[in-house]
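Same chain, two partners: chain A is paired with chain B first, then with chain C.
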Partner chain A sequence: MATLVLLGGGACMKSKITFTLDGQTIEVPAGSTLLEACRQAGSEVPTLCHDDRLHPYGGCRMCLVEMEGAPRLVPACKTQVQADMQVRSQSEKLERVRTTIAQMLLSEHTPGNGVQEDQLQSYAKKNKVEAPLRFASSAAWEDRNRFLGFDPQACILCDRCVRYCDEVMQCSALEHVGQGSQARIQPTNGQSFLDTSCELCGGCISTCPTGALYEKQAVDADGKVKARVEQTEKTRTVCTFCGVGCVLDVHTHQRQVVKISAEAGVGSNDGHLCNKGRFAWQFIHHPDRLQQPLLRNADGHLQAASWEQAYARIREGFTRIQNQYGSDSIGFLASSRCTNEDVYTLQKLARAVIGTNNVHSCAAT
Partner chain B sequence: MTNSIAEIEDADCMLVVGSNTTEAHPVLALRMKKALRRGAALIVVDPRRTWLAERATIHLQLRPGTDIPLMNAFAYVILQEGLADFAYVENLTENFEAFAAAAQEWSPERAAELCGVDAEQIRRAARLYAQTEKAGIYYTLGVTEHVCGVDNVRSLSNLALLTGHLGRSSVGVNPLRGQNNVQGCNDVGNNPVFLPGYQLVEDEATRAKFGQAWDCTVPAAPGLRLDQMMDGMHDGRIKAFYVMGEDPVVSEPHAKQIESGFEKVEFVVCQDIFLNETSRRYADVVLPSTCFAEKDGTFTNSERRVQRVRKALDPPGQARSDLRILFEVAQALGVDWGEPDAEKVWNEFADLSPKFFGIRYPRLEERGLQWPCPDSSHPGTPFLHEGAPLRGKGLFYPVDHVPAWEEPCADYPFLLTTGRTLYHYNAATQTARSDGHLDKQARCFVEISPDDAREMALDSGSTLRVESRRGAIEVEVKVTDAVHPGVLWMPMHFAEARANVLTGDGKDPEIGTPEYKVTAVRLVR
Partner chain C sequence: MDIRCLEGLRGCGGAGFAAAFKWEAVRREAGGDKVVICNADEGEPGTFKDGWLLRHHVQTILRGMQKAAQHCGATRGFVYLRPEYQAHGGILLEAIAALVEEGLLSAGSGQVYAAQSFPGRPAVLASSGLSDCALASLDWHVQHGAQELVGQATAQGGVELAPPSHGYALPPRESGPIPPAPSSGHPFRLDLCWGGGAYICGEETALLESMEGRRPQPRHKPPFPTQSGLWGLPTLINNVETFWWAERLLTGDCKTPAGSHRLYSVSGAVQRPGVYEAPVGLSARALVEDFAGGLREGAEVSCWIPGGAATGILPGSLLDTPLSPDGLSAVGTAPGTAAVVIYSQPTDPRTIAAQIMRFFAQESCSQCTPCRLGCRAAAAWLEGSEAFPQVEVEAQWLEAMELGSICGLGFTAPLVLRQWRRWFCSAEVPA
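Then we have the complex of A and B:
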């Protein structure tokens, strides 16, 4: 299914082609890339600059494979499968090349703060790759926005964030400037994110492979990470804002939300979120949250009460109104932000318990 | 939506009407952006120059409230130039003649004058929509929140029928739902005339079925709509309210009238996560409930996809889940429904609702399911009306221009229209509690054209009083050529400058949707 989505609805997917991968004959849909073919065949080819939601880039070179007849190694992410190709995706030579590339990246990379997964570190750990030497990297970076954090030392300049902002959001709020050791990612013209065309969607965070970009809300005021990503409990649920229904993961730690993320390839949102879905969760733990029932007292003030007292008042109030004016004098309003089950039960309460069809909401618009 | 969200990126022509999609539905808009990158044509019908409008092949910047003449003029061009899908019209629709006669009244020239757009642009847009095979319509509240909201929607469905643009992938008529569960709220029967699953209250057999399941007699008389309940507070029909998660004092039009209505109501129960204007001032009982992250259940999104909501946190303090509260209220009123359990409640709904019968929690784990889904092996329905309209033959409605409830005049010369922004949501009870969002947008503002601003010597950032016949608010001025002279635009999010103090009593006569989109106002410096 992932390939179908990638290639835009499958219009060109009808024909299949065969080629040879690591000595096996493989059949893939025409138009597949070598990376997709490797995944289909279960061959693990590492990638860093690749995101299925972006155009293939071929920047990091981690996915190089051997192709017979080609003068040099080719990037699997950017090369389309042709019929009768002979390709090797795993070999000693490729292992050496991948290790060298990882070493080069590691020599200019410091692990991020752990709010996000770091795929380069994971690769290094798994394959026992270490940086042979280290270069001093760019200075720290501060921005007054409260959502997007950036640690330039963890950045490997793969440009996924820049490309996401250009291709997906079409905001172009990030840029890759400078060359060689001076190269860096920054918000357009080095301004604050709040002063650029950035819409604070956090898509750059979602696509960053190393956690150089991270959710600032997961770090407390004195810079301490509330919980590393592997420490959080992830609950998959659905966004509570507009009607698009983005599937998202709420990360919690010690009964507090740490951050919200979304996984590429999942849901109609395909891992994308907007600034509200990703960042507007402060309200969940806001001190204004109602924590106990309130009853209006004789002076007209709302006063804390027990649930029993609240239910007794409701029984008394509705019984009196029903007796005096009839069931149809009571109206029920439900928010279209509640769940189906909540709303179903409210209308059932109106119809089956009170005995009125006066049930509605602003869903009427 | 007749179609699925993922299909949008494959559309070759998008007709976007009354929808600032990149701000109100930002993630769905990514599919539109993708289609644009692919080279799809885009027609935007909107009184504001939105992000999409700036990139549109054609932007018809119409005067608010003139959608029907514009859509009729589209039909006029399509008929005149022989661009209709006559086979579709012949075989799969009815009432074409009456519709065609109504459309003939609106030549592009006549519509252009009323709508404030160029006649040639109407022609180009109509051709583009009609002649592109994969063309879809997308609309939101800019279409529905008018006195003629229902007819506005009909004018769009007429176009789809006329061109046969229905019942295929990426091709259909797509209202983009404004709230996470607007679709589901309607689906499960939160409606005075429908029982759950769109089954009519007035049907005796339906009532008997639900009565048996619920062990009660379902009342036969259809209930009052939201707007009728609001009026009912004044005429004595409504004496008590149970309000779950709404703030009518802020969200309903003509706020002063709503407030004086609540003064008369004798008993009000509010169930919510925060105190709001309604509960603070009028509730007798306030019940602390749970937000989305604290409960189990389902939401149904705009593309009719039922998806699982899962509990990540316990509610704060003594707050309880909405479902538990409702079960306990029923118990307090003498009815025992047993233990509250979201899945059991869903199953009860699905058992009673044929279109939803095949949707069960275990099937929702991976991707959710799009209704109709009548049985347990049905894969769900990505797009509707395949092969033929669901009702057999698509019904054309002849529609004609309906003037706004309140047109600008000498005393109130500006036309104010309202909407959402990217950084806030509805009454902003949640986004206004997010400091990072307030960094981007902390205050209400009104958009005014450079011409009008010059005439009144206004600068961006100055404060202005906006007055309608019903009330006045103070807001910051934002001078922008996104709106035409004579038209103002304001977000509806801010409690300290409630746009609904200004809005009026106009509403669609068939369904009662308020006319939030047209209010006559004047500006006082």
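Then we have the complex of A and C:
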């Protein structure tokens, strides 16, 4: 009861704060960041190092805003709204500074290979930003793992992958090493991902804003990208590997799967996936994959059949066993890949149709 | 404790923040778990007065820390020591032991810890046999070849890379019970923490991050360390020299008013490089002539640094500028760490500006874009490896660094380029 009151009270009584944003009085829930407030007010503030699922970092400086009384610009992602703040999120000065920061990032950035969206390039194209100088790119990164591709030349050191790996996965398989021009991201201790505590969940790919991290399976053996992300058709579906029900987006090109991603903020998984959900999809196009029921003929050879024929064979077999040995000679085991609804239906079948309580799900253990 | 005598005392670590304000801010914070840290990560190129103080007046500094702790209600203290100051570690530990003996510090003081550095950072520089003056500027001069001063360093014992000599643990959050010190009645445990070895570790919040075991990247302020510092506790961080002045002012040993004198680190083309106490507002010329024995035989000033590398360079014609906040602000800079470096002809001021900027570019923690890439570009422009862009583009890059960097490294770095342009370069787009 006490818990209920606390939870309920917290949700309803969350206090509001008012402040001034771009000349308008805005009311936001206490504890909001300036970035959240800007989004609520419909003011578009660019971000690169920010991911709602991670602690604010304030490193890329794209989201700088003007705050009355502050000696310098402040990062909207990292600044909490205080009552009576006076903030400007759009101005000539801010546009100039944001453009300049994009120029700076572009000066050491080579566009990603296109498997993922490159948000820095998108911003640069939209706002016609070009770097006034080019620094030599970082060294390429070869890794013997089959799933995670890493192109340091497209990296902008936003630390999202490192923070994701620390904060969400608690694996610390990525690290930010060095300083200044030597600063770079690498799998911990500069080893292959396979020799770190990496679980190959690919969460770092999902959070990378420039496509420096990408799905290797979307690239041919000769290094050619199968399809750029904007060429793929996205189909939203639910993962069948377990009962959690993660929401997936399957990217296809010419009816072939290119990669699987998940969108942050959607479904119970909030963009997170495990290695199976993200990478284990080759069976879809495998020649051995069953695409219709098969029944053994009198010679013991498998032959294609219709679903009606298959169900008839099952019904026949179960009825024979039930008649000969009784209902309790039959048991039902549900796979952990079944949903709650599937498991419910299975036990209904066991109890109501067959008449046995021999039911179990492997997810129960 | 009445600390009114500290009014006017400005922090001596470079930023010049009012010391008494910090002491009061920490005192006002609720709770008994507070920390006092002495920032002895003296890394501003050209600055060596803290090293000198630690060698010659270490007890005064530690007594100042104890007074601060008692005033603020802090029970734990650390001296965060630059790892190149190897000899000073032993001096500090001896002094701590003496003050435990005397009953001013709690029993158990004098533990040794080490803070986190940047993964991948090279080992610390071997420093045995070097004077404070040479030591202070080691990494800058060695990495960036500021030949005029490297000469002094190498002549006094050579310079080589050495592996970090310590295998100490991070300072632990839990201290266990701290007994009251017999003579003061106030519990205060004072320990030594070897610094992370990077320039940025002297920035107070990067210092805190490194003590907590993370990459030494500066934090966003607010909250300020006085509200939420080490392990989230209210924390007073002052420079070595600030504690030294505070102790002398509080005991009445100092006959000059608070903030009227400073310790100047004078080096470069002078007869007697060294640390000199002089009134604030004296000119660099007076400092060199009356204290440092004048310019080196036959030396003609090419340019000079008024207060450590971050304060940029000035021409010889401005040697009569008073080294006060007002005097230096009139020529576009600030007193900084009060480190005066004189460069003689034929050193090209552009080379000095380029070396300082390259130092900042290398030492940038790489957390924020404007500092990481702005310093890198400015260094390349000054060195000539990249052509200067159009004036407007350069202005926008410097503006983004000044307005958009997280910490003082990034937002003061443009000063070096601005000062060189203002005093030494007439071309709109330099070659």
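We take it that the second predicted complex is superposed on the first by the 279 of 365 C-alpha atoms of A that agree within 3 Å, B and C clash if a C-alpha of one lies under 4 Å from a C-alpha of the other, contacts with A are read in each partner's own complex, and residues count from 1 in each chain.
Here is the rule we use: contacts are C-beta pairs under 8 Å (C-beta built on N, C-alpha and C of every residue); 3 or more make two chains touch, one makes a residue touch a chain.
Everything quoted here is computed from the prediction, not taken from an experiment.
Residue contacts after overlaying the shared chain place A:Thr345 against chain B, while chain C stays out of touching range. Contacts of A:Gln86 after superposition: neither chain B nor chain C is touched. In the superposition on chain A, A:Ser327 contacts chain B only, with no contact to chain C.
Look at A:Leu133: by the touch rule set out above, it reaches chain C but stays clear of chain B. With both structures placed on the common chain, the touch criterion links A:Arg72 to chain C but leaves chain B unconnected. Of the two partner chains placed by superposition, only chain B is touched by A:Ile284; chain C is not.
Number of chain A residues touched is higher for B, counting chain B against chain C.
Annotation: chain A has no residue touching chain B in one complex and chain C in the other. Across the interface of their complex, chain C is touched by residues 58-61, 64, 72-73, 75, 78-79, 96-97, 99-101, 103-105, 107-108, 132-133, 135, 156-157, 159, 175-183 of chain A. Residues of chain A touching chain B in their complex: 5, 8-9, 11, 144-147, 167-170, 194, 199-201, 217, 233, 235-247, 250, 252, 255, 257, 267-270, 272-277, 279-286, 288-296, 302, 307, 310-315, 317-321, 324-325, 327-365.
Those residues of chain C that touch chain A in the shared complex are 118-121, 198, 200, 215, 220, 361-370, 372-377, 380, 386-387, 389-390, 393, 396-397, 399-400, 402-406, 411.
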